[in-house]
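Both complexes shown next keep subunit A, but they swap its partner, so subunit B is in the first and subunit C is in the second.
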Partner chain A sequence: MKEQLYVKNVTVQYKGHIGIKNATFSLKGGEIIGLIGADGSGKSSLLHAIAGVERFTGEIIYDDVSYHNPKEAQPLKSKMGLMPQGIGLVLYDTLTVKEHLDFFADIRNIPIDDTFKSYRTKLLHMAGLEDFIDREAGKLSGGMMQKLSLVCTLLHRPKLLILDEPTTGVDPLSRIELWEILDEIRKMEGSIILVSTAYMQEAQKMDHILLFDEGEIIASGSVSALLDSAKAYTYKQTPCEDGCITFDGRTYTRKNINADHVSPTLEGLFLINALQKGKTLTSMQISARQNRVNIPEIVMEAKQMSKYFESFIANEHIDMKLHRGEIVGLLGANGAGKTTFIKMLLGLYPIDEGELYLLGKRIQSGADRRELKSKIGYVSQHFSLYKDMTVGENLIYFATLHALSKQKAAQRIKSYAKALGFSEYLDAFPRDLPLGINQRFSITAALLHEPVILFLDEPTSGVDTIARAQFWEILRQLKQQWGIAILITTHYMSEAEYCDRVVLLKEGKKVADASVAQLHATHPKAKNFEEIFLEYYR
Partner chain B sequence: MKWRVIKAYIVKELTELIRTRLIVMVYLMPSMILLLFGYGIRMEVTHARTIILDYDQSHFSHMLTEKFEHSKYFDAQIGLMSEAQALHQIKKAKADMILIIPASFQKRLLHGQKSEIGLFIDGAFPTRATTMESYVQGVVLQASQEAENIALKKGMIVINNRNLFNQAMRDENAMVPGLIGLVLLVAPAILAALLIVKEKEKGTIFNFYASPVGKGEFLIAKLAPAFLLHSLNIFILFLWATYLFEVPFRGSFWLYWLSSELYIFISLGIGMLISVVTRSQIAAVVMTVIVTLLPGFLYSGIILPISAMDKASYIEAHFFPIMYYNHILYDTFLISQGIASEKIVLYLGVLFLYAVILLGLGTLFLKKELR
Partner chain C sequence: MMRIFWTIVGKELLSFLRSWGLLIVVLYSFTVDVYIAGEGMQIKPRNVGVGYIDNTGGGISQKIISHLHPPEFLPPKRFLSQKELSEAIFNKKILVGIIFDSDFEKAYRKGEKTELNVLLDATAASQSFTTLGYLQNIVLEFSKVDFPVELKSHKLFNQNADNHTFMALSELLSVITMLSILLPAMVFVKEKEEGTWDIMLLMPVDARITILAKSFSQVLIVVAGTMMTVGFVLFGAFDIPMNGSFWAFFLLTFLYSFTSAGLGLFVAAVSKNILQVAQLSMIIMMPMIFLSGAWTPIYAMHPAFQALSMISPLRYYIEGCESIFFRGTDFFDLWHYFAGVLVLGSFLYWYGFRKIGKLF
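Up next, the complex of A and B:
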């Protein structure tokens, strides 16, 4: 492979903060390189610099052409393909799939000959989009949008393919299909493929990975080499005071402790890096509810609930019970009806068919629904915080919405801030804080009125490993201390294992409702939960 | 410069405009502004309630009062009351003005002496008051011409100056051409601003950033649909003006058409500059409206003719393209000097410069990178 990419001392700087600092590495053709790290760790900045869409300092050489700014990169753009982060970001909502293909072929000036036509058909076939050729992009599911974006990026057969989190927010099945396309392209075209991802499991599919943390590349190498390097710090789960992080059944520490070594996971690499910087998990302690409520055994029950959008069935006769002190994972592919279902439970959508009971009382009238809303805490996918108000002001605003008195609100905010470890950020603006911190006070905002149920819509997407570990610790304590029922959606299959029960939705119907252990029993061949999930969808 | 790339973008823009129904705005907004303002703003004052206190009761004074009584602009009432009572009527908003003819009015005139007429006008709405004042001056002038003894007062020429090319004194003739200048400044600018900033907001701008598409190709492709769609508005607005508002069209249609196309380029240039610096559609629209609508309205000559402005605003008016275009517009509609006038040729040149500079700046500032 002759074409090579050299990245030398690349730094991307924004007003006031650094995107990526002194990134240096080089790559051969035909390799898939993974960029792994949390949101804001510098992956996008680096990818944008390489794609020539962002100003940077340092030098990048591709195909023997050196460039130092976007302008110098212009002649290389015909050989590059960039798929930026965000579901369906580069698609035009009102154009159909076919119109997208024509548009991208035209702006890339690809000759429309038989070779192109057969290549295009092949891509469409790989992406499973043949039957949706006349559908408008805005009406595709998230997974399909990402596959269409990828197809559009691949049309001109780029030799340098830059994909920024193509799989974030995409269900496992679509993720696997996206990876199959990439693998095929690598074999067919011999391209360099740079992929960033927040899913550690995907690292296994890469030839070489770069780990990112706080704007720096903290490690690079093949997956096995990196895992080997972490082995010395990984032990079986052991109680350990300070200088240790326990996560996923393993204890990571740089000290010598008296326990057996086990094989680390990739998440462990970040934890070890955190330990190296002297960081540990802040201990969090949720105190008991202030208002004692008597929570019945069954907190919420949905009976045969359905939702229709014109002729489209979003939810069909779904039964579900939420028990006291239970964490239920609501899983399914993009477009399976998870969000619609949660919105009905929240009282945001009217229920077309079926019955909903809260604390034993049926929800029917508008007053019932108001009552319903006062009992529910909700954290949306994008953490609905006001960007121009500080964290403290945001929280006071949410407290006021729930008619809490000023003193009570101030006192609760203070105690949560202490318990969840964000006291020092109360005067900061949400946009200046890492996603993990935002996530913690989003959940605070949802807890201020002490609800009996908590709905969480993909709260962990894009959040770094440590923050996710802490987030699940908060949920565990809430369940124990408050007896609250929690319904959570996620695309991290490993998180399903922390749920007491999982409900799987497929095309608007419930296909499974059982504990992870029970599912393992009924699917003995599956090695992990992801495989069980896929068995339902294949 | 690849025609295929440009065509692909243009087809995409038009498809999007139609499917997002934005096309409705392209054609609805200009006509709506024209109709709303064309019917909504009335400079003309009719039926001004006038109390006439005639202390002279002579031939000349009757000649003058008759003029007021027979005019559609005044509802004259020969008052039998004191000045104080009459003033009280204005305070109670029962009258708009009082005209006082002094006792020795005719005698003084016949002796060739200066005579003064008292005029009190309700100045609560200054523009309306000024208009009424000028009407009164007009009536007095007319009456004094009829009287053989001509006693011209200085300052009366002003009325003539304003009404010269609008003999009918029709508001429509004064308003509607000016409004065309306003509409063609605001509407194309908003559309052009939206077309680029919408891609930034959505993220599809990456298709431009990350592909070999050139800046020139991108801009032509973005501006061409806005230009073509709004070119049709030149004709639509013309038809509204001449058929609905019955504004006479005396000049050259070619001049009207070509200068309007040139003017649309300026508007597009403004929109493009704004969309280069803004990041969200809402900011772009608000900024475009502020930058185009306000000065456009002030300096269009609708509210006040440029020539009648005081020094500061007179100079300020020269910074905005609408002044130059509206001069040409009023010429083509009402005056018809055409390119025989040096001023019009000069103004066409100024418009051309504006277009070149604005489009040039937009191209210069547009960068193929995130910021």
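Up next, the complex of A and C:
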């Protein structure tokens, strides 16, 4: 089949910053192309330019029609389908599944004939939505919402399908189903499918991938070709001073070092690219804690904890221990009860049944809970701190609320800023800083009072590979230097492998609690952690 | 303890000063909005266009016309036929037309009864009818009525019978009500919207201190804004008299702000985002203002509403402020306004405090 989509020198520019710079590539029909990169690396900008909803410079040719701006792309819109980022964004909460299909068929002006009806039935079958025809969209789960959005985007049989992070925030099982639908459509309709994703492991399902970093495409090709190209720079984990990045049991460098080569991961490509630009990991050194406390073996213990919301059981009789110097990963699909459980541990929700112990003391009264809050650190999703205050002001504010004296606060902020490499950003506003820097100082805000437990709620979503590598380095040091317990939730199954122990929740119940090695031993067939996870969910 | 309280207050003030949009809205409400309300709501005629047809050949008619002068009236325009005059009124070129018939002066000189026809554009009702009142006064002076009674009026509390004073003050009190509901509600809901709510809850600080400090910071903003309006707009632009104690007004405003802040806390507890805050605040504020006597005097209301107005804290605040500004009531004689604001305020603040406290 000949090439159908040409993207030539496409640049999207926003006020003051560049979305994507000089993107050039071409694609054949029937191909699935993956756009992989962190938040803000330019994936969405490029997808929006191709979909004709964003102004750009350069040229895009699709189906022998060339366009340079959204207006010229207008006639092609009937051949395109765009699914924007965000779960259920194109859906209307109060319309049922059937009403959605009718509505999208009507606005696309599709004749309701037998061909359409049979196509529609087929789509519903593929999405597994047949039994939910009369359910309102607002009452569907996140995964089902995404499948319905996809079905609505597919109704007019687009030949160019543009999907912006369709799987972000969707549970692994639904993710696999979404990919099955895409594969089917590609075979059935011969469409070009452009998909952006934050999950590296999904790259395996794509014919061709484009890697994005800081508004540029840094590599493109098939997964195997790209991995081959990186092989020369990948070594077994080796101590190595500068010009090296060590992550995930591998050391990447452009120098020749005396070590065995191992097969790289896709993350490695980003690290090699960073090395090429002369970037290395900021060396970070967390110093010993000032308040020497004897942390007992069991830092926190939850016994038979349950939480009910009216008749709905959010958590049922969950037991969990957090040990000194241990990183525990709390995993589960959307709605499995992770958030509720963490909120009970944090003292934000009252505990309906069961007991919670911190440092051997049971948490009961309001005063107990305040005591609990003074001993834990919490990093929220998206690192939300106060936007109207500078980094420094934020940190001073948190230190004061934790009753640190002025001198102590100033001294600790200074030392963390130095250790985590954000001294030059103390007077900047959080919104002007990249996500990776925000991540570092949100951790600082959670550490200023030297807690005995650190809770992290999806601390790596949307963050680029370098920042993620550094983030795990901080956690490792905290564990060693401070001996605190760390509880982390994440969507990236690959990250589960960095945890000492994982706790798996399903429908409010604990279904697994073991080290990753133990889980691999009990599931010998699984190639990676994601497959173990899926075995619990099937 | 106090250090944490003031840190939270300081943080809220800082982020208020840094949110430009909000700052401008608040400044506007406290200055321009009150000024426009005081200056703009005019019932007296001003720049009224007058036309006339004079078939008498001058004399009395010109004397009457000469009484219509600026700033109330534009220089009267002479038309040649009634048709032209009617057209001018129809096209809104003039508001009032006066027709002097040819036998007007003749009959007047003879001492006979005579008529002056006045055409009024009744769509601008208040302006044209006040103009009519003016004309009647002018005509009355010409016809020396033999009735030996003279009206001697004494204007109390507002010697110039100046409308600015009352309108500006009412508007200020409404602005205070609006902002002291909106601002405290917004500080809490902003935390919900920006995802910092959990972080706020996770501080090892007594929830009561957090709530008190956050609402106190917004009360400070409202009180500061009020002082600015009183200084620049009420005293500066309108020269409103202050017959009572300034400090009584200050204290009453402070207490009243806490009352509405209580409502704000309630709004914050039940809203998920700023949009809901705006909608709910409107729904709560409107009946409060309607029932307060700011727009309709209480004695003119239906008895049922008169009874209901007893539970609007704004009623006590408005009456209290009027007493302080215009009547110059002694501090100790204001006790029932203070009592009204204090009793309703304590209840509302307690209620809002409990409602939002449940979320902590």
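We adopt the following convention: the second predicted complex is superposed on the first by the 510 of 538 C-alpha atoms of A that agree within 3 Å, B and C clash if a C-alpha of one lies under 4 Å from a C-alpha of the other, contacts with A are read in each partner's own complex, and residues count from 1 in each chain.
Basically, contacts are C-beta pairs under 8 Å (C-beta built on N, C-alpha and C of every residue); 3 or more make two chains touch, one makes a residue touch a chain.
A quick note: this is a predicted structure, and the numbers were derived from the prediction, not measured.
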Subunit B and subunit C placed together on subunit A: clash or fit? clash
- Mind working out whether A:R55 is in touch with subunit B, subunit C, both or neither, as first, second, both or neither? first
Next on the checklist: Going by the contact rule set out at the top, does A:D432 touch subunit B (first), subunit C (second), both, or neither?
Outcome noted: neither
Worksheet item: Does subunit B (first) or subunit C (second) touch A:K387, or do both, or does neither?
Response: second
Note to self: Contacts for A:K373 in the overlay, against subunit B (first) and subunit C (second): which applies, first, second, both or neither?
What the structure shows: second
Query = Can A:E507 be said to touch subunit B (first), subunit C (second), both, or neither?
reply = neither
| field | Which of subunit B and subunit C A:E450 touches, first, second, both or neither | value | neither
Between subunit B and subunit C, more residues of subunit A are touched by B
TODO: Could you say whether A:G81 touches subunit B, subunit C, both of them, or neither, answering first, second, both or neither?
DONE: first
Check: subunit A residues flagged as touching subunit B and also subunit C none
Listed in rising order, subunit C residues that touch subunit A in their complex are 3-4, 7-8, 11, 14-15, 18-19, 194-196, 198-199, 201-206
The residues of subunit B that touch subunit A in their complex are 2, 4-5, 7-9, 11-12, 15-16, 19-20, 202-204, 206-207, 209-213, 367-371
Interface with subunit B, subunit A side, in the complex: residues 48, 51-55, 69-71, 74-75, 77-78, 80-82, 84, 86, 89-95, 99, 102-104, 106-109, 136
So, in the complex, the side of subunit A touching subunit C is made of residues 343, 346-348, 370-371, 373-374, 376, 378, 380-382, 384-389, 393, 397-398, 400-403
